[in-house]
Amino acid sequence: MSIRTVTEIRPRDLPGEAERLLGDGYRLALVSAHEQARGFGLVYLFTAADPDRRSELRLLVPFENPAVPSLAGLSFPAGRFEREVRDLYGVTPLDHPLPRRLVRHHHWPRGWYPMRADAGPPPSFGDPEGPFPFVTVAGPGAFEIPVGPVHAGLIEPGHFRFSVVGESIIKLKARLWFVHRGIEKLFRGRAVADGLPLAERVSGDTSLGHALAYCLAVEEALGVTVEPEAQARRAVLLELERLYNHVTDLGALCNDVAHSILHAQAGRVRERLLRINAEVTGHRLLREAVSVGEVKLRSLPDPAQLREIGADVAEIAALALGHKVVADRFTGTAVLGAQAAKDLGTLGYVARASGLDVDARRDHPTLDLGAFPPAVESGGDVLARFQVRVREIAASIELIARLLDRPPATVPATGPQGTGVGIVEGWRGTIVHRVELGADGTLAHVKIVDPSFFNWPALPVALRGAIVPDFPLVNKSFNLSYAGNDL
Amino acid sequence: MRASELLVAAPAGVPLLAAAVYAVFGWTRRTAWLGAVAAALLLAAAVGLAVAVTGKPALTGCWGLLRVDALSAYMLIVIGAVALPAMLAGPGYLADRTGPRAAVLARRYGVFTQLFLAAMALAVLAASLGLVWVAVEATTIVTAFLVGHRHTRKATEAAWKYVVICSVGIGLALLGIVLLYFAALHAGLGEGEGLDLALLAERATALDPGVTRLAVLLLLLGFGTKAGLAPMHAWLPDAHSQAPAPVSALMSGVLLAVAFYAILRVKVVADQALGPQFTRVLLVAAALASLAVAAALLLAQRDFKRLLAYSSIEHMGLLALGAAVGGALALGAVLLHILGHGLAKSALFLGSGHIQRAAGNSRIESVRGLAARAPLLGGAFGVGLLALLGMPPFSLFASELGIARAGFGAGLGWVIVAAFALMLVIVAAVGRHALLMLLGRSSEPGDRTDRVDRGAIPLVAALGVCAVLGITLGPLGDLLGSAAAIATGVAP
Amino acid sequence: MPDLTYTELLYLACGAFLLTGVMVLWRRDLRAVIRLFALQGLALAAVIGVLAAHQGDLELALVGIGVGALRAGLLPYLMARALAAGGEDRETRPLVNVSASLVVAAALAMLAYAISRPLTELAPSPATRAVPVALTVLLVGFFVLVTRRRALSQVVGFLLMDNAITATAFLTTSGVPLVVELGVSLDVLLAILVLYVLTNRIRASFGGTDLDELRELHD
Amino acid sequence: MTGVAGVVLQVLLVAVGSPLLVGVMRQVRARLEGRAGAGLWQPWRDLRKLMRKQAITPAGTGWVFRAAPMVLAGTALVVAAVVPLVTTESPLDGVADLFAVTALLALGSVALALAGLDTGTAFGGMGASREVTVLALVEPTILVSVFALSIPAGSTNLGELVAAAEANWLSLLSPVTLLAAVALAIVSIAESGRIPVDNPATHLELTMIHEAMILEYAGPDLALIEWASAMRLTLLLGLLAGLFAPWGIATAGAGALGLLVAAIVVVVKVTVLGVALAAGEVFMAKLRLFRIPELLAGSFLMALLAVAASYFLV
């Protein structure tokens, strides 16, 4: 796919180049760092839609006092990528406006950068950096509620610091990366086929999304051509993943307002979908179906059966929204404004519920889906995020039926590139994988960006002014991945 | 007897027929002046009735639903006298309106203004307090469409406020009527006669004071809202400034007075049932509040139609003051004031319509040097304001003097002093605005149109009548005396 | 009809009348408010019906049916249509929040009780003892009118007042003379039609019926 | 003598039966949601499991924390002895005053709220503050609504109230009784922490009220609290049933057979109410926290209107 342009630049030209690309409608999709022979190689991947464009800026910084000019003033996500690279590799962003640690756990020793090749095994824990400098909110009636990282329910670890007055949230700070597994490091040196099981385990509920993004990246690097029919079947699987997750979320949102019967009904529908997954791929979470260059299915899903499920879901959603109390809980709760959503670089249903028309299925297509308007709502509240999911479920079912009916044309492959980028609209939002192959054909470097990385900062913004008891509901309406973010 | 019955029904019947004609034929060149003819007939019938009932027993008609005594006849004359110039101004007002919906709006205007006249006439003709209520509420409904006639945002807002506030007020009055009826039934009145104004006044002493007190309070509150007395006046400036000029003239000149007429009728009953002190306290409070509100808001007023509207609140306050004083002298003055204010205020509203059309809006600051640009209209407007402020030789001077004299005589000296202090503020405020409008330096070249000055003719005529009344009452004197006697409860 | 049952039934109807009136303060959903108003119309018709049955008065019974048809049928229908045309079905931010409104309603009930003492004392009977109920609804209606911001809520407030006045009329005197009765009903109907027309006009020129938008006229 | 027997009987019924009532309600919910459910005896099994565990008190807590479960359970037992569930003829009749009963129930709630504060954790404080907000509206409503009921009967003694209602069932149709019934039903739901006020089955610590207060309890203490909560729910439902459907409660002079019948009747009534509550919950969602005061203020208003109505509609 020759739509990707690569430019080698000097570090000091970076801000100018980045500004030009951002001005042309690009967004920063990924920043990756890795050790090369003469220093740290940094890659800034910018993407733009309509038509599909991808532009890579590559630069090299020396091992001695590695530093790059910061792009935090140009783009909010860039600032977070830079802090991630600094915490994991030690490349300092110069003049960063908010240089607090992002990934670094305060038990890590100073000067220890876990993703460097010479990092060695994890050192014993100390407390050299001290506790995280949370901003303290003072004033009459203001107090702090620390929650997590261990929670009462069975969820992943994250620490939330609420500063509240009464029940109103003044400020919320989320601390993540409690489960940083160094998964990108584990890819290094593996054969491309052995990278697949790792990609499938980046985030449990997005097995297929990440596997597919990985495969697309590898295929671009190797110049592998995929049959249109196989590409269409991959798209079907992607929609199946979206279906079962969205249905789960609809039920969970109802459960968070204690409307348990709809939760139970959504659970029943979810189980049906998981069984369809198992019939189609042999795995309830769609694992081991996609591989480089091909796709293996046991059977194809039955559109009639899916349509029946769609009617079921529509009824559940109508019951939920027709319930006065449920509608009251959803409406106007934790509004994420369109401008904020755009500035934070949010993706997926979070962005679409705030009125942003983004969808990688249309913006970065692997095959021609025809007329495909994404479901966009303008409310930005919990209700809008609920409704976007409802509409996407219906759209997914129609899409599956269309794909099974007639495999559409695909985007042609290009020759081997050595590096590759895979962009997939997972159920949560746009997933980007970038791989670099070594001379021996093994994986030299893999960088993964889950949409959660972009969407987590939106949660505290949306929650400003909301009330504490609404937090679980709002959190579920975003439903962000900890594992996909922490990596 | 058939002739007299016909005469009794005529003041309400004629405009009703005119409304029907407008509804059928619409507003055409031939029907344009029908409204004025109906108003003239109304006035003629009123004069005829006045002659028939002055010093004689009341006439009844329409199966006893209507009854005309001297007070009713006098009010009919006021309605007719104000309606005639207002209706004459109608064709001029509508001539300017063009556009796709102009014909529909004109037809609607014709129908509703005539219905408005009919409802007001019915209110003063009605023999039963219940029917008075129905007629007064009917004026609210009819005028709501007239206030919102222009379909602008402001007009819609004014109409909404007007309907909601007045309907609530008038709803309270209805509750008062229900309670009064309850008291009347227990005072031995029959089912059909419990609300008859004459019978109520006759048997008032038998009414239960507890219930009557509540009823009278509600009635004063309700009709007071409709009469624009503070603190229930909020709708008045909006509605009067947004309505078409002829309608503003009618609303300000007579509708308020008709609502006040209902208060006078209730007061007759209340004073006999409860003694005069109860209504006096309420009316004094309302009077002073109205004067204070008017004074405060006139000082910084920036819109000349609203200026006139607040002036109406002031004059309603004065009427309340006169009614609170009581007695033949005060009530005679009150009735004279009603007529004088009706003539002057309606003339001013009509004049303001012409000024508004020339200036393009109704802001005081956009009208400068009126005396030089349109000498006749400007002069008449200025003289009209003088009349409104109670300057001699206009009848308002005589009636205000009468109220003050009666007030001192009744031992309400301090109230009169307070009221006149507030009126001094009002004189200063209105005078300042008037000077600016008439003599201030013009910032833009004037368009001295002939039409603007021609609009001054009804103004001059009305002011002339007003001035004559200030000097001599002439044949009205007897009628006024009989009407005042009825309003004091002396005559049946 | 035995006296005890008459009293029980009358008070039951009055209780329903009161409850529906007070519940209007409680609900934000305008559709629910309209439903409550319709229920109140039925309760009012029931009050009149019980009175008619007690007095054996056929005319009164017919009036009761008429009142029921108007207030539980036609008016709610008109309001529901206005609501369906507008698409905004919630009272978003009343001037006084709901909890405070409810407490105020309790105070209003006490006030109504106090001011209706003279009425009850003039003619003590089961019917006049229920007058405070009607007056409470009157005050609640007034409160709704003053504190709610949607055009439709204000209309409901006005109609609550009107229902209360009607109830008072029937509880105290079994109704005012028929001519006045007809005139009153006609006027109320017309007032509602005026408000209905104006609601549509407000929506056309202001783009919504939140009366906060009505701010152009002021001094 | 039947009085003493009746009291013993109703305390036993409440103590043993209340976890079963919770079990029934959970089972109803489970079945309505299409789940199998854990069975009627699960609450008792849970209590047994908790009783066998080691008692743990968090560091820094004082005697308030340790005493609260005892106070909660103790007050519930006393109320169980006093309230006319099976018999109106209790030897503790003098205590069976509505004010005393309300005060006892409030005492238990306050003890638990204090214990929540005593833990010094954010959740304990949060739960306590929310509970007190609810309590501040619930207690007056209970008082006022039972007061409204007491005006026609001329006494605030619960036994006499029930006896009077049983004697003249027509009075149950009056607006006073209906308004008071609605008010009491709402506050009973709030007081026992059910949907739409609180969710007894939630694991979301930030939304809890009752569960947040007792988050730090474990072992036998937790068992005591769970048991006491079940008893309070049973008592509130029993009180509702007694006041508004008084048939079958044994009055003075009822023999052993009368007591037995009364016991069966009360079990049926409370079970029916519990099943209705559980079934209603299935179709209900939890209110936004800020809407809860509205609900409670509404119930308070109804109670007040009931009092007002009892004055003018006589």
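The letters A, B, C and D name the chains in turn, as written, and every chain counts its residues from 1.
As a working rule, a residue touches a chain if its C-beta (ideal position, glycine included) is under 8 Å from a C-beta of that chain, and two chains touch if they have at least 3 such contacts.
Because the structure is a prediction, the values reported are computed rather than measured.
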Chains most often in contact, by C-beta pairs: B-C
Chain nearest the overall C-alpha centroid of the shown protein atoms: C
Distance between chain centroids, defined by C-alpha means - chain A, chain D (Å): 48
Chain centre separation (chain B, chain C; CA means) in Å: 31
Euclidean distance of C-alpha centroids - chain A vs chain B, Å: 73
Gap in Å, rounded to a whole number, between the CA centres of chain D and chain B: 65
Multi-chain contact sites of chain D, meaning residues that touch two or more partners: none
Residues of chain A whose C-beta touches two or more other chains: 328
Touch list for chain A against partner chain D, complex: 143-147, 151-153, 167, 254, 256-261, 264-265, 268, 323, 325-326, 328-329, 467-472
Residue ranges of chain D in contact with chain A within the complex: 29, 32-35, 122-123, 126, 195-196, 199, 201-207, 215, 282-291
Chain C residues touching chain B - in the complex, by the definition given at the top: 115, 117-119, 121-123, 138, 142, 145, 151, 154, 158, 161-162, 164-165, 168-169, 172-173, 176-177, 179-180, 183-184, 186-187, 190-191, 194-195, 198, 201-202, 205-206, 211, 214, 216-217, 219
Touch list for chain B against partner chain C, complex: 65, 128, 130-131, 133-134, 137-138, 140-141, 144-145, 148, 151-154, 156-161, 163-164, 167-168, 171, 174-175, 177-179, 181-183, 185-186, 191-192, 194-195, 208, 210-211, 213-214, 237-238, 241-242, 297, 300-301, 306
Interface residues, chain D side, partner chain C - complex: 170, 173-175, 178-179, 293-294, 297-298, 300-302, 304-305, 308-309, 311-314
